[in-house]
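This is the structure I have questions about; it appears just below.
By written order: A, B, C and D. Residues from 1 in each chain.
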């Protein structure tokens, strides 16, 4: 019905919606119970995965598997624009992504391995990842430097004969606490002396199996009090971690090049998920407003609530069009030409989601910040994305430079 | 390049851009001088129209005339979606709309006359309007009632034999002070006793020539301090104004029905013009920031300016997608089905424009609020649209009701 | 130095600051470790309280004990205005309040018991509370009704001979999970049939020992993801809970009267604590900005950061003056006359704190939402206070009614 | 009643309120008519001043004259804190300031002349200014440089024997179009070569009679369409304007020193006037909301209106406390020590006023932007003060630097 949705997009959307209604929605409470039970037994990170394993089986059977891979025999042949509406559904029902093997950071890692991995790396890591048998992490952010500027990364990747030796400390390595996480893609400096004067060519990416000696998950980081088990985020130390030289991807100094390639699609995914989260918050806000009646008047009949519902609808729809256009641009002119559009959604979508979820929480009162609704958790996630993968400020700066550049030429 | 622009849209946009660059841009300073000279001679409302007449001739010659008419032999066969980008250009260069005979309230009036006028009314008023020889006004808002609720209109249209007799007081009748304005479409009550219990069926619309005895332009209203000559906005009194009964359009009690029909396209036009105004403000903001250098650092190199430029780009693009989708919806499912989308743009676009223009003013300092830049005038206009044709609050209320309704059914 | 601080206020402020610097600041990391160790041992709610017990002893020795009691032999003889700056320090260093036996909900409960309790209730509960030997809870909010409108409370308090029998379900009963919490003040309906047509006279307050049969802590509620051990918030069920009739405070139907009396001072305390929390966030924001240097430029030298620091300073100072004035008004004209001022701070302070803390988080990136800084926890608390004890919307409504009332008289 | 108002402040406030109610309120419509009549006769700038002259006479008689002078035999012996509440009333009823000879820029000019003028300058200019017989202007801002950074001023003041010769172009010289304006204080460069490396010591101030050959009022600048007759703002050119060397105030290179002295009190005055303007807007908002009833429900009963009324009350009161504290600080520790507090109010008050007035306009609809209410004019003024005398951004930058400085020391 809406002007940018092709029949193919609508078909996939409907197919996934059917799957979600049949499988994911009923699984949500069971999943929460399973995780909570694991946590109480002290097995938050290595407990049962019964519910998720069941969902994965169902998704595979339904042919909903690895759709994130755009141009690959392993994927579904969807463009970014076509895949985007599916991400919105994954954001609305958070179990959906992993159920279909479409969740970060595995998606980015699989793309990188498929594109740059040796046949051995593919066999060893890409294959089980594509099969959903293991999970993976991405170790980039460091506690000691301003993560908004990745040129400041200090972890070392030193060549030593046929190996690279890795030393450093990472944090916010999502998935690392999960016992299913078997491999990391690690970013660090190969050019410690800065021989390449281009600071964007001093870093490299390398594949590090979790069981390599010297890799240590130091602690789990909480996000607004949440541990996000069973996946979670960890601080991980690397002490003389030795891996074969073939594990280095694409070549020394090409870490940023790889990072750029994964960023674009990742941002589309993130932003569409945020839109889905916001849609769910808006639905909850409406449903709550229709039953709560303080001072003799339903919240849904009160002007203040209505203002927020209307503004939420406007904010969500605006963010969606912006994101779909960015996806379309990526598909048609490429990541580089679309960098302004990609930066724009990275600013707009998380801020929108924080606002909508915040209003939804306010309508729920105490229930809204408690474990009884997914709102506070969604807020914590949306808030985090306002700086993860580059804070708003860095993206706005880039947008403005591109905007100003038009008038420099003239 | 962008995902919702068809080749036809791009072709028309480029054609109009060429016209604007050749004719409108150079005419802007000459127009301002002509108007100011007229004002100083006491002929603000009945002075020379040399510059505009020249532009009109050029536009006619270029085949850029009456494109607003969607499905009419008199128009250009453009859908709302196709016409929308042209409105953006008209907003950016305000003389463009009148130059092409595409400016409010004439556009709405011509549509109404074409659809509902008798052959005599068409010959007498539609023909010269289509030819751009006269202008027209729309008399709806009244000073004594809350204009957000048009059911409160109190002006009377009483049947008296073969005539209707009109009494009442209107204001914000745009164009009425202009000597070229020869005819009004007037909305008033035909059902004073409220026999029809549907309050939306008590009002009617009627054609009133300006020279009918009893029509008096009482005074010009200023917007902030602007008189907006030579067009302007007036308070107009109607005292025993007698017109033939054939001047009543469509039938007694059908005023709202006519109003609804003109509202949808009018809102697309307004919103796209606001987007154009905001684009111009952003351009001015960038250009100014690139030359002003307080405390040794260009404004364009300062983070605060960059934040605002980036946010402006995001806000503008979001509003544009929202508006284009509303236009597409109107074209495909009709005004009624698209009423939520139309209400959404009516909220989003004026607020966006106010914000962007305000930031642009701040970068300009004193120059920004003065006559040296179009910013303060643009702000005054954008601010006015936040309540004209229904205030934000009424539209948000309607959006929320439609949003909530989805969950009532379930 | 500032115009509203008397020498007495400054003396107390300095005295408490000295205590905090000597005792509280060094205790903070030890407290966190103790709590975390307790939690890991499964003793989150009944573990060691070594650090806090030490702080309490030190505070008692320093004569910093029970200062919240305004006009009582047990207190320090401080007015609300004089006590307010101490609350700011307690907000900045959260252990301080409990250390001095000045933390909610005990403060309100002690005031209520002192004012309305029988000698027996005072001996049994007030005495150990004043001594800091036990803690207490306040059971008012219910999960099934809109908590913003306390007239909707449904829990029953039924008279049965010399006893009252209590049935109902409460949540957000702060402190109830804490093993040290020995008594609750409970609000419920005594007038189930609504015989008193004044809906504000159908509720009563009653003292309920935690070990009374029928009182059951059902579960701990999380705030965002925090359990807030060892204090926490619980859902508590009451099933045929039987207490002596003397436990009913002040008389049947006088629950709101008691609630009103405790609300005013409680809001001053809350708001000043929020101001202290915001001050700490601002300090952290400044310190972080002075050491992080993305893209070659300290955050503290970047305009965007500076804007936020400046706005934070303005917002904090404005909220402080508003709150001090409200305290002064309470002291001089009483709670009732000062109700507009009290409502105003209840809106202004939590919103201010959320904004300032949010900016501080953004400067910290991932660290800001993690357990390494107190920011995300502070945000969760400040956000909660936006609806606890009445949401913003209810207070704004009351302020507006009082503001409008001035013009009704004229 | 409020905690910072001394009996003296209350006495003066009540005295001025009585004067306003008796004289100013009834004069407002007559003043508007007189000005409009003058404008229509082509005498906007040199027409009748009957109403204002009458008010001046009444104020003199009431002993309400020149109260702005703090420590002078010519003043009323009021501190900044004591004078501040009077400025609020002047902001609420704009004629009041001039009626009492307390309006900018005369107030600042009189202070400067009293402090730094030679006996001759005092006799010639200060005396008639104190008597309210003439008015004056302050020529500082220039069109060609970023006015936020006054070190960029380029106008020249060259010594030539016993004279200085002035060349340059100023704009936003308030009062210059007014025929009663007889003298300017002019700021320009005496040190063109920048011999003094302190860029804040290259500028000087000098007294320039309006009738000196070479002084030319080039044009009147509008503010959002307003000409602000009969006072107004002008662009003024200075071509070889020759004045006696004694007209130079304080000494060459001391222009900034003089400017600093006048800034502090001026900002208190401006901010308190803005608070008064906002109070009036809030009153109008309430009164309008109590009579307009769209869709069957008074605006004053609608939640959205109430939210805005409540927020307005909070914003206004916060700004007032902040400003009173700044005044108190100036009185007790001096302008320099109070510079953070002064910068804070310069940011907070205009933004607050813009917001409150904007909400008031929205409640008024079309009437709100028209000449029928003082709202749009008030908005234009408040908006202008957001950059006049230094834009928000410069003040926020200064506040942040002072805030950050605390942590540099540690």
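Definition applied: a contact is a pair of C-beta atoms (placed from the backbone, for glycine too) under 8 Å apart; a residue touches a chain by one contact, two chains touch by 3 or more.
Which chain is which protein? Per UniProt: A, B, C, D = Acyl-CoA dehydrogenase.
Quantities reported herein were computed from a predicted structural model and do not represent experimental measurements.
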Item to check | Set of chains adjacent to chain A and to chain D | outcome: B, C
Checklist entry - With chain centres set to the mean of the C-alpha atoms, which chain is at the far end from chain A? => result D
Item to check | Between chain C and chain B, distance of the C-alpha-averaged centres to the nearest whole Å | outcome: 53
Item to check | chain A-chain C separation of Cα centroids, rounded to whole Å | outcome: 37
Next on the checklist: Centroid of chain C to centroid of chain D, CA atoms only: how many Å?
Outcome noted: 44
Item to check | Two or more partner chains touched - positions in chain A | outcome: 302-305, 307, 393
Checklist entry - Inside the complex, what are the residues of chain B that reach chain C? => result 302-305, 307
Item to check | Complex interface listing, chain C residues touching chain A | outcome: 141, 143, 146-149, 152, 171-172, 221-227, 292-295, 299, 302, 304, 358, 361-362, 365-371, 376-377, 379-380, 383-384, 386-388, 391-394
Item to check | Footprint of chain C on chain D - complex, ascending | outcome: 1-4, 81, 282-283, 286-287, 289-290, 300, 303, 305-307, 309-311, 313-314, 317-319, 321-322, 324-325, 328-329, 332-333, 340, 343-344, 347-348, 393, 395-401, 403-404, 406-408
